[in-house]
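You will see two complexes here that share subunit A, one where it goes with subunit B and one where it goes with subunit C.
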Partner chain A sequence: MYDGGKIVAGLVVFLAVVTSPIWYNVVAGKAEYRPDPKIVSQEKQCVAPKAWMTAMHMTLLNSWRDSVVREDNRVYVAANGKTYNMSLSKTCMQCHPNKSEFCDRCHNYASVNPYCWDCHVEPKEKK
Partner chain B sequence: MNALYALFAVVALMLLAFLGVSTADLNVLFGAIVPYAAVSVFLIGVSYRVLKWATVPVPFRITTVCGQEKSLPWIKSSPLESPHNGVYAALRMALEVLAFRSLFRNTRISLAPDEKSIGGKRIVYSSNFFLWLGALAFHYCFLIILLRHFRFFTEPVVFFVPLLQDLDGFFQVGVPGVYMTGLIFVAAVGYLLLRRFSNPQVRYISLAADYFPLFLLLGIAGSGILMRYFFKVDVVKVKELMMGLIGFHPVVPDGIGSLFYIHLFLVCVLVAYFPFSKLVHMAGIFLSPTRNMANDNRAHRHINPWNYPVDVHTYEDWEEEFKDKLIAAGLPLDKG
Partner chain C sequence: MGVNRRDFLKITGLGALAGAGSKVAADLVFKDQAEAREARSNKGAFVGKRWAMVVDTKKCIEKVEKDGCRDCAIACHTVHNVPDFGNPKDEIKWIWQEPYEHAFPNQHHPYTAEGLEGAPFVVFCNHCDNPPCVRVCPTKATFKREDGIVMMDFHRCIGCRFCMAACPYGSRSFNWRNPRPFIQNIQENFPTRMRGVVEKCLFCEERLAEGLSPACVEACKVKALIFGDLEDPDSEVREILHTHRSIQRKPGLGTMPQIYYIV
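Presenting the complex of A and B:
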């Protein structure tokens, strides 16, 4: 006897699993979606250049958190000498109050779930 | 020397991707053409291998067992060690695939001093627990890491990714949160590599093809860890690239960073290397002939598929043919 039938059935299952992202995206139909974080601020410059902020904002926020909570230091001196109040709610959210249109767009796209809002109160957005 | 060949090969591959992207500007080659080629080679190669195995006839059940076969009702049988039907054979296979049970039972032979024995030494068999543990840790971490990467392959992100991320980053160390699997993966692969160096017997039988996947995996894990925690790449653009590939509308965004291309190229090499190497045990484990069959040779008749019809001349036919002569000679006939 041959077991070819069972083996081919197993192979078909394997190929379906390996190619599952293709089918998933065909069904979901959002493969072309690109996140577009919306900046509503009138300010021209963030606390650091945009490219650096895109890559490193989580590290910056983490160091701000450590500085404020552990060292009681709320003053951030930017590279250009300007000083900022280290505060997610008061400094960051001043220019970026639109969490769902700014933070969440990239975070959802890249499946990043930061625990900012475990402690901070989520800003109330105008609908 | 074998290890050095493998190490040089992996370093050369890294340099190839790095120089190709950073100086020769071959982003399209490394971001689209190579991934498509690698996945094609993987799918076609693995299918070819498996289909070739599927044509092999199975004349008899050659199960290796380590327990009592099912026989008389008052003899206690051990169905997982000696499965008597397909269900138990499948359960035994599941334990093999999911828990590496035969590797767990793998033993290590060494010589221990013993004054009573000839030569002052005797053979002792001991458990090879850490090989099993390292292999299990490595395989499961690899699976979780692969499933976590579905955040780059699916939009909206498939439901199990956030669950795995939360579990994996349970300790919430640093930002971005450290994933346990990344660390365990490197530790486990590192152990499997050191084992090949430190154990003289294992080192003696290790080929370049044994070291190459280990170095390759360390390269993949290393580049991934560097990307996540140290030298950031633009994750959104990476996902745009991956989604383009998966939707068959390849786009290669600018400014992703060459570290990503090194990572992607090493993954492509690993994927394409699968069907040609020992890594195809991923498919082969399911086709282990001594494990995937039920031990039912005594209960069922198995016909050899390459038996050809044999032209037999039965006694009945012979008696019919020489009936007259047998009667004439006064010999008794079966048919009266």
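Presenting the complex of A and C:
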């Protein structure tokens, strides 16, 4: 192989440059970046345990929607016996009125764009 | 294959028992269903078996001819975020007025009583007992509820507009454009619609759930709109229909409309 040393050195430099964003984040301590949704509610609990809500809130919203619109059933009984009116604007967004710092932070990170807000009215936020 | 008398009697006996048993079971189930329906709705909700509306047209027409009253339409369109595009081609309407000969084409003839021709009649979704819009909807976005309300699930509407073609009353409107910029005062507690969905009057089912009567009924100062449960023999609607002559819009089509007009 002619100029083997140069080629290997070139490859090493190339790989270092290409993967530099990863190394940069590791060094800067940003490798474990997670979105940081801000909870402003005075209440201690969500309508279900936190971990479950993080993973399943979209499914819960779908079942609320079907229950209200198709079955005219509006009362959600939480696991702890508390009852909630099943409504996106009137329940979720009452406790989470900071949509841009809460819902959107995660959704931007995960690149999801729920189309609910084409119709449901976003809570007014103080900018 | 022969069935002897003894076996035949055994089988019919068993059949009769099963029949009687299922009647008892059905009674239990259906009774529970009615109770369950009450239990699961909000406290204080209006629960009915067959919602209907009676329009006292004399009162309404008098008021409209006096001062061009549109109170019911304004109230309804405000609380439901109905846009005003300002042009009849894109118009979205849940409740509006039609001249007599358009509202009741089969009643109209050249010798119609004076004052009726051209008189404004308030019209909206008839919440038919046999709704053609429901039959044609390919996604079941529109369906008939147990209490008779012809409901729309906006989440499922794909905008095919079959329902608009099927409805003989023109009760449905289509969002050709994004309605948001054309709503003057957006009400936060009722969602708007988006481009590409159909909409119509829902008998204010979201208000009934909170124990409120429909917005148009509440807004009518001359009490020309009377809302109630047709299956409740003591209800005001039953009382009025019992004591007055009433007509429906295009009853010959077999849609069984549930808006009754006293003329």
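Just so we're on the same page, the second predicted complex is superposed on the first by the 93 of 127 C-alpha atoms of A that agree within 3 Å, B and C clash if a C-alpha of one lies under 4 Å from a C-alpha of the other, contacts with A are read in each partner's own complex, and residues count from 1 in each chain.
Throughout what follows, a residue touches a chain if its C-beta (ideal position, glycine included) is under 8 Å from a C-beta of that chain, and two chains touch if they have at least 3 such contacts.
Because the structure is predicted, anything quoted here is derived from the model rather than measured.
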Touched partner set for A:111, first subunit B, second subunit C, both or neither: first
Touched partner set for A:18, first subunit B, second subunit C, both or neither: first
In the superposition, subunit B vs subunit C on subunit A residues touched: B
Subunit B versus subunit C as contact partner of A:99, first or second or both or neither: neither
Touching partner for A:72 - first (subunit B), second (subunit C), both, neither: second
First (subunit B), second (subunit C), both or neither touched by A:58: first
Which of subunit B and subunit C A:7 touches, first, second, both or neither: first
Shared contact residues on subunit A - subunit B and subunit C: 115
Sites on subunit A touched by subunit C in the complex: 65, 69-70, 72-75, 85, 89-90, 115, 118-121, 123-124
Residue numbers on subunit C that touch subunit A, as the complex places them: 37, 40-42, 143, 145-147, 151, 153-155, 186-189, 191-194, 205, 209
Touching residues on subunit B, where the partner in the complex is subunit A: 42-43, 46-47, 50-51, 53-59, 150-158, 161-162, 165-166, 172, 174-176, 232-236, 239-240, 243-244, 246-247, 249, 283, 286-287, 302-303, 305
Parts of subunit A lying in touch with subunit B, wherever the complex brings them together: 1-4, 7-8, 10-11, 14-15, 18-19, 21-22, 24-25, 28, 30-35, 54-56, 58-59, 61-62, 106, 108-115
